[in-house]
Amino acid sequence: MSTVLSKKNVPDLSIEIGPIHLKNPVLAASGTFGYGQEFEAVMDLSRLGGIVTKAITLEPRLGNPPPRIVETASGMLNSIGLANVGVAAFVRDKMPFLRSCGTAVIVNVAGRSMEEYVEVARRLSDCPGIHALEINISCPNVQEGGLAFGADPKVAAAVIGAVRDVTQLPLIAKLTPNVTDIAGIAAAVQEAGADAVSLINTLVGMAIDATRGRPELGGVTGGLSGPAIKPVALAMVWKVAQAVRIPVIGMGGIMNAGDALEFMLAGAVAVQVGTANFVDPTSTIRIVEGLEDTLRERGMGSVKEIIGALEV
Amino acid sequence: MSTVLSKKNVPDLSIEIGPIHLKNPVLAASGTFGYGQEFEAVMDLSRLGGIVTKAITLEPRLGNPPPRIVETASGMLNSIGLANVGVAAFVRDKMPFLRSCGTAVIVNVAGRSMEEYVEVARRLSDCPGIHALEINISCPNVQEGGLAFGADPKVAAAVIGAVRDVTQLPLIAKLTPNVTDIAGIAAAVQEAGADAVSLINTLVGMAIDATRGRPELGGVTGGLSGPAIKPVALAMVWKVAQAVRIPVIGMGGIMNAGDALEFMLAGAVAVQVGTANFVDPTSTIRIVEGLEDTLRERGMGSVKEIIGALEV
Amino acid sequence: MTDTKTTILHQERIVPQIFRLCLSSPGIAQEARPGQFVHLRIREGTDPLLRRPFSIHRVDRERGEVQVLYQVVGQGTRLLSRKPVGERLDALGPLGHGFEVSEEGGGVLLVAGGIGIAPRFFLCEDWLRGRAGTALIGARTRDGILCHDLLRSGGVTVHIATDDGSFGDRGVVTDLLNAQLEAGREASASPIVYACGPVAMLASVAALCRAYEVPCQVSLESRMACGLGACLGCAVKVRSSVPPGYEYQRVCTEGPVFEAEEVIW
Amino acid sequence: MTDTKTTILHQERIVPQIFRLCLSSPGIAQEARPGQFVHLRIREGTDPLLRRPFSIHRVDRERGEVQVLYQVVGQGTRLLSRKPVGERLDALGPLGHGFEVSEEGGGVLLVAGGIGIAPRFFLCEDWLRGRAGTALIGARTRDGILCHDLLRSGGVTVHIATDDGSFGDRGVVTDLLNAQLEAGREASASPIVYACGPVAMLASVAALCRAYEVPCQVSLESRMACGLGACLGCAVKVRSSVPPGYEYQRVCTEGPVFEAEEVIW
């Protein structure tokens, strides 16, 4: 009897992103959680819905010259520039730990060319323990490609289509907000075979040191993230959720469970938490707990009841 | 002798926006300063570089249903919806006061159709005391038109071209940030005869009341303004200033003289101050004073020395 | 209108979540009229960004003091409640269009729900001295009933209702109003009603007053940015004689006090 | 690593713009090593959003206390300086890779510019007890010379230089270092140098040490987001044996203390 009751009191946080089953809808966002290990000392990683890795490219990349970050009002700009160990070292040195975390592993894939995306995806397909690939066609911090791939629906679809051909892994297309019509791009990657879309990546932004008359960032412009961009992210998630059939993963400025709820009400099946990890490294877990509390308070059995439940 | 010295100590803040001469580069932004009169009790309006009015349409407009505003992290969303008295009442009831303010008057023009823009501009051309028209092809808060006009370079150019044909007044095209390539749109309106561009209007955003599961705004989505968007605005101003020959007026999250300097370093000839007027109604004057102090500290004779002086 | 760096003279918690804040501001104290509000900048920096509006609860013109009675409902009011005595506070005010108090009619009926009592008090002090006044105060529980002692000692007849019956009658404040209006009708004494409180309550009060053909002024709230009439953010829907039959007015300028029958609820 | 709600035990202004903050945090006090830092969340809300890193200045392991010595340079440090005793502060730490202290060599030379003295002090207390140590402290004026008394009473020989000659020698701290290294060469005693201060000073110190072939560790600063090695935001350029001859390392993880000759200035 008591087990039944207590079972009833634990709301079901699990969700599906196409073929991927997640124990809860809270993922750590790419580029903000390293390769997972960096947060091991402060939290139990197995409580996460999943970890999205820093972008992986074919060769190791050093990234952009410093300064790489600067704080802005309720946000931050970064111009890290896809610094990463490269796919070979990732598979060899980082995957063993990630595989052991007890949570879903989603690898963020970036490239300078269509061929690079394809090759990275192909190599990751052979690596056990990867639950999905997030194809980053939206990074604003690299000169060649990156943003260009995600800003045009045809090019975006071509990249996703090409990657689709070489891997069985579920594909999540990560979209850029720096476009006129994000819903059109979402629809295009859906047609090209994406299993889900995730949005938003950072907004292009800039900060200037007025005293020295120079850009604050080594990369001159950077990507804006954090609470400042939440309203923009939410509007785009809502728009995209109405435009596509595939699941939408929402992100942008999520700091707490209330923010996560807003994205899920707007139609996101899951959320990613980025900048918040820097402010409070246990943000993701606080959000999981907060969602659980909310469901309990509202007497809801499953987090799925919230998805897209916004009354307009 | 002393007059010469003191004269030398007063830096020259005046600037030109194409054919318009302004006593200083600080304007109150459209929609945030009413028709000027609302701020009369708290400040000396003649100290402003200029006032940009709330958008004027052909007929009076009631605007969107409340709630019309909601605060977000370091910003706010508005869905006012171009509520205004209409061009006839504006000319009759609002211009007499504006004309007497001792500052430049720029009228923000909006419309549902190309014809409406043209007709409003035509009627304003006959009204004395207007220094320029700011053609608002970028309002995100109206269903028909508004955003659509500013999101496509061809349509944007067509609107500006059509208005150009009916008025001798200097034309400032106000651009939306909700596009993939704002520099392309700036170039298009330049070719169509705009004397200047101003940017950015608000970013499309949304907020949700997670408790009630409803949008916070009566208009569902709204326009994001305030310090949160400053990095986005600055990046766009910098980009556009490099892409066009006509003067650029920068805005988006300017709260103090330091912010204004950042925009001018990035290439803005003048700035507009919007949301800051709500936080401190004397913001514009504080910024004028702050610019003056900065020039004096740096021993600069004219504010023009700062424009576009960013070292990248 | 003055935009002055006021100083916090004292601040006390009256009941859980409700605070009384006393500011030194001779300019605002001098000019303020019942029903007007002050627009407070909670703290420096950009979070929270906008000011917060609060009715003027009470003024002491001689000492140049202004009081606000407020409830902690979110980040801004929570931060306000933690401010120490002596701190400076940026206040804009007095703003808005207050109560219109007519000298005629059969007495004044004040109706207040919860924190809605705040502006009511200034009204009593300022205008009622010596005149017959009745205040009807409602809240969910005993803790929500504020200022009744002060009102009584000011010569006002006070009736109280709480949802749970923990103080005064069990019921809602509109029950009290109904009784008063009914009694008034029997006595052919038509009062003026001044109401402030949650929107649902105000709508009921307005409906009752219309039914009894009694004039009623309500004090409305809405989210505000400028507080000066410039942003049009605080719009409220009111009747209009021209199509489409309604228009929007600004709570900060045409209001916060409106004739109840003008408002479209 | 602990992420603990610490309490402010005391906070005092030492000279204008420089404050000493003492936190209760047994966990951090226990684990901290010289050169490591704590990452402090300045206040709730989103402005400022990110934490601020500060070197651990001193710890009292028995009492579970951690001290930070900081200079007010912007919004975050200004807000920190206003925090009252008793307030909770969210601290992440100890973070980073501190000084490597070798047991050999001819004595220890500490070089500090301005607020760069902060981590130096912990180093002295923790590692130097009984060993020969010399501290070279530089600042623009007298007011910038900190902790010299404390160091002296800890048995450290202290030399001071100020730009304006208001305290110690007139000149810069690298002049003092030059003299020390020259004297050391004559005595064939090669010291280890530990340096902390503005980047320009560190670069000069590194150049001098290289010229004298003396090992040198420098403590670097950079803007930080996570402090945990995850964001790659705190990158600093260091030499690498593989093309293109350099790479980026993380100040929060591989640093803040680096071998001076690794750093590309």
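Residue numbering begins at 1 within each chain, and the chains themselves are lettered A, B, C and D in the order written.
The working rule: a residue touches a chain if its C-beta (ideal position, glycine included) is under 8 Å from a C-beta of that chain, and two chains touch if they have at least 3 such contacts.
Just so it is clear, the model here is predicted, and its values are computed rather than measured.
Q: Among the chains, which has its CA centre at the largest distance from subunit A's?
A: The most remote chain is C.
Q: On a C-alpha centroid basis, what's the spacing between subunit A and subunit D, in Å?
A: 36
Q: Using Cα averages as centroids, what's the distance between subunit C and subunit D in whole Å?
A: 56
Q: Return the residues of subunit A touching two or more other chains; collapse runs of consecutive numbers into ranges.
A: Expected reply: 73-75, 226-228.
Q: Give the residues of subunit D touching no fewer than two other chains, as numbers and ranges.
A: Residues 46-48 of subunit D each touch two or more of the other chains.
Q: How would one label the connectivity among the chains shown: line, ring, star, complete, or other?
A: Shape of the chain contacts: complete, all pairs touching.
Q: For the complex, give me every residue of subunit B touching subunit D.
A: Of all residues in subunit B, those touching subunit D are 73-74.
Q: How about subunit B: which of its residues touch subunit A in the complex?
A: Where subunit B meets subunit A, its residues are 72-75, 77, 151, 178-180, 203-208, 210, 213-215, 220-222, 224, 226-232, 234-235, 238, 253, 258, 261-262, 265-266, 309-312.
Q: What does subunit C use to touch subunit B in their complex?
A: Of all residues in subunit C, those touching subunit B are 1, 3, 41, 46-51, 90, 92, 222-237, 244, 246-248.
Q: Can you list the residues on subunit C that touch subunit D in the complex?
A: For subunit C paired with subunit D, touching residues are 45-48, 75.
Q: Over in the complex, which subunit D residues touch subunit B? Could you list them?
A: Residues 46-47 of subunit D touch subunit B in their complex.
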